[in-house]
């Protein structure tokens, strides 16, 4: 059993302020290499806080967060982070957005071009490579953001409710797209969501958090075979597991 | 975080101290009091102008102080003789500014509401507004003088005009963009007339309008000072040029120490009003996210 | 939709023209036609000159080159002051927005200049730099610098955290972050402040020229036409200033629109 890639030990976080808010408390979490882990919980349970700690933007007020054994001390391209809010750069074209990470790495134009070519094909936006985000739909924008973090080939992906603001059809489509992407380029993924079905559809393992202050309430191993499709959502195993998960979250 | 604020205040103070210090050194080195009055000169000028200068009363402690003036500039003497004090001048200028705000703001807000409320009115009147606001208010002073002659009115009108034209746009924006969705929601709930205006339009628009107040205040000051510099016998602007430019060509050469003293006073007054405007906005719109 | 708006605008402006003409005609007999100039009366003044006399006066001013040279001089000063001031202001604003230590250092200066009406500094500048081009250009430059500094500063400070986080996560260092994320985002704010500064510059130059005593310049034209008085000239000078302010604003608007084609149009 190899050591987990991402580890949180006894993690707690309290937001400072006139009334300090304890977002997380005594949390222990391990994400294994190559695993797709979904963090499920209600609004305000501290999942974003935990993700931001893994991404290196917050330091836990108690406990430690580790990546590959070393304490996390800041953001970096090795941990691809897709925020909940829209963060596609509106002043850059789709292609320029995709190439940004490689630009930061110092890659030469040819290498950047090759990488962005591949990604554009991967997300199926070949017709839009030179357009500005203002002409993209919300779903397309989000896909660009996901592809953007893939450009630098990080080993870890941290996704914070990326499809939360989209309508259900777009969300379903993008879940499929993400699933296929992940199957092609295996990465360790920590995926935050409040939607149980989305968690079941995408993940290998689901961790359910309580209300604030967030602690682990339950865990589920999702052994539904891949590749998963539209039909999978109605298979008996899926439905049974969904029931269990929903009961756990409601408890 | 606290450390950062601490450091910040220190740097601020250090910068200010360095500024004053450097100026003092330079002014003392250069020794051209007609160009760069020393810090001491400035302080003494302040003293001379704030204290009710009465050169006639001998044995008066203030008179003593005035006598100890290192260099007595024409302007300071003239001003002291005429009994002009800094605080009087400030009071007059402030009165003009407040008048301008009191009359100009409602006017500007009214026009802004008119333009923002109905697309139709906007289409017709907006171009007119753009034309009107393109003419600098102080330039108008020459024309107004023909109609009204030398009177307080012809100094006040540009200030009112400037404040009014400046406050149209924030109000327009507030009504048209900020308040619009709330108005729509309220109307579909059946609200109309007075209720709509007092309970929806006013509160929704007030943050933006009050924010616009912060723009109107410096404009009012600028116009007031300009009007005073051009044609008034009192007020800080007048003080700065040693006498109304047009009413009587500069008899006494402007003393830079007086100018600096006046400018510092103006800056302080402007800052105070701005702080007041900010406070007003915060108080009246406590519900803003 | 736009056509309708333009039609309405044309109607409104046309109505203005007509109304003014009517007012001028009505005023001819009824408005006072002598003005007290402080020491004497001047007769034959048309407080509201008819369109006809305005046109004649305009033709005269254009032929005699008075208007053209005045416009040239004033415009030159405004442009010089704008360029100098914007350069200094934007650079300083970006710097202070980006490095908080610099901001703390510069703050006393900025606050002081911010609350000092530009015109109040005119006597000081005149004392230091004499009457003439330098004091005027510097005066404009200083007020432009303050406005653009605040605009650039604000632009840098209001970059949404989401963009910064996304870029940092992608591995951007400080330099890249500033060049490719903060700067493009701040650009619209900078443009908006330049527009405001331009209006301010014109206000300042007119008054500065009203005080100075040299031909040719628009301010002096205004002063001169007030001294005689010669009303048609005055009104034409006023209108010219207005037209120039509008023209500058329009040009800036165009440049802004072109360079921020990527922006989503808000209401």
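Labels for the chains are A, B and C, by order of writing; each one numbers its residues from 1.
We adopt the following convention: a contact is a pair of C-beta atoms (placed from the backbone, for glycine too) under 8 Å apart; a residue touches a chain by one contact, two chains touch by 3 or more.
All of these numbers come straight from a predicted model, not from anything done at the bench.
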Open item on the list: Quick check of your reading of the touch definition: is the inter-chain graph here a line, ring, star, complete or other?
Closed with: line
- [ ] Name the two chains that are joined by the greatest number of C-beta pairs in contact.
- [x] B-C
TODO: Look at all chain centres (mean of CA atoms) and spot the one farthest from the centre of chain B.
DONE: A
Task: Distance between chain centroids, defined by C-alpha means - chain A, chain B (Å) - done: 53
- [ ] Take the average of all CA coordinates in chain B, do the same for chain C, and state the distance between these two points in whole angstrom.
- [x] 18
TODO: Mark out which residues of chain B touch at least two other chains, giving numbers and ranges.
DONE: none
Open item on the list: Under the definition above, what is the set of chain A residues touching chain C in their complex?
Closed with: 55, 57, 75-77, 79-83, 85-87, 89-92, 100-101, 103-105, 132-134, 145, 148-149, 152
Task: Of all residues in chain B, those that touch chain C in their complex - done: 4, 7-9, 11-12, 14-16, 19, 34-35, 120, 123-128, 130-131, 134-140, 142-143, 145-147, 149-150, 176-177, 180, 218, 221-222, 225-226, 229-230, 236-237, 240-241, 245, 254, 256, 259-260, 262-263, 266-271, 274
- [ ] Going by the contact rule at the top, pick out the chain C residues touching chain A in the complex.
- [x] 160, 162-163, 165-173, 176, 180-181, 184-185, 260-264
Open item on the list: Can you tell me which positions in chain C touch chain B when the two form their complex?
Closed with: 4-5, 8-9, 11-13, 16, 35-36, 38, 45, 47, 100-101, 104-109, 111-112, 114-124, 126-128, 202-203, 206-207, 210-211, 219, 222-223, 225-226, 229, 231, 234-235, 237-239, 241-243, 245-246, 249, 266-267
